[in-house]
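Here come two complexes built around chain A, the first alongside chain B, the second alongside chain C.
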Partner chain A sequence: MSDETGAPAGAPTARVEVRKTYKLFIGGAFPRSESGRTYEVVAADGRFLANAAKGSRKDGRDAVLAARKAQPTWSAATAYNRGQVLYRVAEVMEGRREQFVADIVDAEGVSSSDAALQVDAAIDRWVWYAGWTDKIAQVLGSANPVAGPYFNFSLPEPSGVVAAVAPQESSLLGLVSVIAPIVASANTVVVIASSARPLPAITLTEVLGTSDVPGGTVNVLTGEAGEIMPWLASHADVNALDLTGINDSALAVSLERDAAGTVKRVRRPSPDADWFASPGLSRLRAFVETKTVWHPLGV
Partner chain B sequence: MTRLASIDSLPDANPGSLRRFLHGLPGVDEVGARGRVDALGTRSIKNEAKAWAIDLSIRMVDLTTLEGMDTPGKVRAMCAKAVRPDPTDPSVPSVAAVCVYGDLAATARAAVGDRVHVAAVATAFPSGRASLEVKLADVRDAIDGGADEIDMVIDRGAFLAGEYARVFEEIVAVKEACGTAHLKVILETGELRTLDNVRRASWLAMLAGADFIKTSTGKVTPAATPPVTLVMLEAVRDFRDATGRLIGVKAAGGIRTSKDAIKYLVLVNETVGDQWLVPDLFRFGASTLLNDLLLQRQRMATGHYSGPDYVTID
Partner chain C sequence: MPFEYAPAPESRSVVDIASSYGLFINGDFVDASSGITFKTVNPATEEVLADISEAGAADVDRAVAAARAAYENVWGPMSGRDRAKYLFRIARLVQERSRELAVLETLDNGKPIRESRDVDLPLVAAHFFYHAGWADKLEHAGYGAHPRPIGVAAQVIPWNFPLLMLAWKIAPALACGNTVVLKPAETTPLTALAFADICRQADLPPGVVNIITGAGDTGRLLVEHPDVDKVAFTGSTHVGKAIQRALAGTDTRLSLELGGKAANVIFDDAPLDQAVEGVVNGIFFNQGHVCCAGSRLLLQESIAEEVVDSLKRRLGTLRLGDPLDKNTDIGAINSAGQLARIVDLVDSGDAEGADRWSAPCELPDRGYWFPPTIFTGVTQAHRIAREEIFGPVLSVLTFRTPDEAVEKANNTPYGLSAGIWTEKGSRILWMAERLRAGVVWANTFNRFDPASPFGGYKESGFGREGGIQGLGAYLSGEDH
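After this line comes the complex of A and B, so read on.
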């Protein structure tokens, strides 16, 4: 047998590793950057890990289009259904636990037990927000007493398309803590992953792509937030900004100024949050608009 | 692509002569046509050239509503938009024409005055299945309503059955009924199946007196495609070489983005030359294209991306 194949018996040829090409996640698909650019991603110890797509402003525009297109479907789904979909994200993440742990060990240079804690917390966070989808209206909404023969209700509605920057340090738990509340409150999101540590975010896109999240609900770009965000901040079809991952306060101020041009909601929390702490409702509350309805009594 | 070497003699209305001529036209290399279109589609049009192309595209739009649910109110709203596409920016040019069903031509004419053309579809649009008398009455109705452009459909059944003379005579009769109104002949290329047929139908329509040849009704998929438009532009070019007459081309249906529109302009420029880059000789039949052109224009004017909240919903 060995004579026929030309290879000596007992010395198998070394397998050539299949390297992944890292791409963006827009509208449920995995396109390359429109600009054709990539950048080197290195591990915490400086070792080369991969080339990732370097998103451009046009990728940002495409992602906003996808998010806008997905918005009516996602916000029209029942809150119960949205909860099921977000819970499914947690389920699929659980199946890829080992990969997430390895990604975080590479990206953040932490021990695998610390990385596992972060993965567990990220999965639990999806479950936590999944539970909130059909409770937001009860907690943030109200029946208001009025001096007249009317029922008066206030109900939270999604802001629409949110452009967010994921934390630069916490590559998975921080990212999940930013996007989960945005989609739980029925918005769609364009998020720019941590620039230096994008690989856990890319693995998360593969989870999102296979877990019933409608295409375009979550769009993930890799690259420089400082390059893409000014275009999203001034984009007239973006309804809100989440500047969590902007560490440069001058940039944050300029983004806030750009956002004012089209009166966007802007959330700019303190950059050094403890992602393991209980998140509370502040992020769920950030991107909803309150609609108040008067309804005549006795009809 | 190859030019026709020469047209020895144009046919008369005699069925045999027409058939010999149309079947004597060289076949279209479909793979070549696609390749040519793809190659031209990669041209990058930016900055000042893009701004110019967007304004030209706006001036070439036949703003169209052809729905069973069209109301006089909707037509009036569309006419207002045709005259002043972006009310916040007076530098935006008017479109070329509004395109409506014949019974709404009067409403459209009253709304636009003489600021843009009024095109009406006629001859039992979109199927073209009616007797010649009915079709001519349809045309006269539209003209009486104030239409100065008539978009007629050819009888595709007759064309595919090889009854070229019947199609020819129908176009001649409609042209006569049009009087001074411009006649656009819709080939409905989606139903003609092959590019050879598109070339034959283009020649047939031009020989019969069309002022414009138009790809589609917009009711059949595929509607306008770049390869089909390329073949029609080539027919127009060869017809000019043979007769000296300039025939317009209208690409209608399925063109929704500024990027697509600019690709068509490149196709026109490279096939028949910049002489055709005027609203009198090239048109887009579209409804949603105009909004995208306006968004791109706003983007270039303001420096930031615009959104659908800043144009009207049609």
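After this line comes the complex of A and C, so read on.
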């Protein structure tokens, strides 16, 4: 007996899946590492998952270039527009919910229900930060009652290009908690995904690539933070570092030292962060500058 | 017939300078353990004013320990309401003694008495008054429901506005519940030491404010002290970077207010007489010893000649000389070292081919002086257009379009301040949005207020001083 495909009776019925090539996300495109290198990513149980691109210092520089190029456009967009773009990311994430759950189960070795909680929290966090874009100026800005005939106001503006290291453990929720506030405050970002658990980040790049986020606003590299970050920490076109996911304290010290060369703003590592906790304003405050404008009053 | 001015010197008799000063630690003046002293001089006369103690490692330890004990036992646990009352007392004492402090500032710093009396001292009092009011309202400042102090703050300040920089540092730190060890600049320690006496008169608990004197080595010992929780530094970008590097990997919080190379941009529709006054105030205020000084003048091409002529005419009327004279506009350069740096940069302007013009004024025989100077024909590659001169030297560049003005104004690693002169409102806001600088003065320049946050972008530092934003530098909490 045979079915209509002609397969012999008793043969396995499972379909041979089409696997994906995992690449970097730079300037809105998905290039391989210019170095041609990859590294093996395995599941929590040791099973082979993929060969991820091993980003190089040149990839890091390309990503900074893309982020710098995107900076004027992203920061000049209206806050309303930025909010809608970020909300769109949440919408598209919602549609990929099952894929994110599967990615996290593989990467972190947690149950589907635990992974689902993380995905839900990550999507909700995007929504939360999306709503902040047109409120930051009112909450962090001010009209200042100076003692003289002047109108004086202060507004937060983005620091510029931020180089960030995503948390090593929390592969999606941690990543989203780091990059969403950076872009919500109108910065552009180069982020290095969790080295051992990069696949949820790459799935996120596919979301970003299809949800109206201008190319170069978020750039995601996979590989070793220890290899790429020193070049970004001393890069004169990077304005700030977010070292959240750096677990190696000697590396953190050396990156912070390099950052001093151009007086970069640095957010220090927070290896024990609880990513489910309410984030507060701290990450929105981290990479903004206060600009104060004076003008005389008179007729 | 030219008008002659009769001398109008402010009396020195209101100040009482001791022949030597110790360190103010835990409420008392004590000798430095090393016994090493240095002299502070009047830069207008080179007269020695007093012997000052140089704090060494043991003294820094003592001062930090005093601040720690005061933080844990007295100032940290004290209610905001009571902290406020101490700060209000200080504000009033500054007002009461402002004439004395203004004269002392002018003697030690060289700035004209008109500026120390009418700018520095009123702002010092205002700063304490403003922050006093915050001390019991911090939960409403947007840093979470339970904002906490950070702990012991190490503060290092420059010589250009000695007492004002002290106020910018100490007032917010104390209002937020921190205790401080402050080091004034080695060339201008006297008003900080006089402030110690104000702390005594205010009955401020011992150890809440400690003042230690010394030069760069003392500053380094202080900011790198392991028991310090917060460092606030105002000074050169070079030293700021060294501090940031030294604090890498620690939990110490840092705020930096560093150098600047501000552009003052004048469009062809600007009210030129007002603009020229603003430019003069922007660069020649305080002998140009101002980190936010408008040291690059960007003129729209069509008005460049007219503005430069007008500037030269105006500079010819500035009076340089005895800082204690109430008619003096330009005082002394603060130190021989600073004068040498100004001369070096001005020489580079000559060597690189810019055209120098200096106001025709007679320089006194003794003391450190430099005449108001303008360079025209300056390009963006010249050192005088790139490096902070910190003196009465203005570099003039030109532009044709608003885009070019923005491009040139932002073409610097600094980002502290900028000026815009135009009658067109939409252009002011367009420019203000694009200038990468922490303070933008439109149709005015060099205005300061405790309610107005001050601080830089890029290599001009990070953190703000003043306003609700400035409190963040001295608070910790969930929303910080």
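Note that the second predicted complex is superposed on the first by the 280 of 299 C-alpha atoms of A that agree within 3 Å, B and C clash if a C-alpha of one lies under 4 Å from a C-alpha of the other, contacts with A are read in each partner's own complex, and residues count from 1 in each chain.
Keep this in mind: a residue touches a chain if its C-beta (ideal position, glycine included) is under 8 Å from a C-beta of that chain, and two chains touch if they have at least 3 such contacts.
Everything numeric in this text was worked out from a predicted model, so none of it was measured.
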Exercise. Using the overlay on chain A, decide if chain B and chain C clash or can fit next to each other.
Key: fit
Quiz item: Is A:29 in contact with chain B, with chain C, with both, or with neither (first, second, both, neither)?
Solution: neither
Quiz item: Given the superposition on chain A, what is the angle at the CA centre of chain A with arms to the CA centres of chain B and chain C, as a multiple of 10 degrees?
Solution: 80
Quiz item: Can A:261 be said to touch chain B (first), chain C (second), both, or neither?
Solution: both
Self-check item: Partner chain(s) touched by A:282 [first = chain B, second = chain C, both, neither]
Solution: second
Quiz prompt | chain B versus chain C as contact partner of A:235, first or second or both or neither | solution = first
Exercise. Determine, for the superposed model, which of the two partners chain B and chain C contacts more residues of chain A.
Key: C
Quiz item: If you stack the two complexes on chain A, which partner ends up touching A:64: first (chain B), second (chain C), both, or neither?
Solution: first
Quiz item: Quick one: smallest Cα-Cα gap between chain B and chain C in the superposed arrangement, Å?
Solution: 5
Self-check item: Doubly contacted residues of chain A, that is, touched by chain B and again by chain C
Solution: 261
Self-check item: Touching residues (chain side chain A, partner chain C) in the complex
Solution: 139-140, 142, 144-148, 150, 152, 154, 159, 239, 249, 252-254, 256-257, 259-263, 265, 268, 280-282, 285, 289-296
Quiz item: For chain B, which residues count as touching chain A in their complex?
Solution: 303-310
Quiz prompt | chain C to chain A touching residues, read off their complex | solution = 126, 142, 144, 237, 240-242, 244-245, 247-249, 251, 256, 258, 413, 428, 432, 437-444, 447, 449, 451-455, 457-462, 464, 467-469, 472, 478-480
Quiz item: What part of chain A is in contact with chain B in the complex they form?
Solution: 61, 64, 68, 231, 234-238, 258, 261
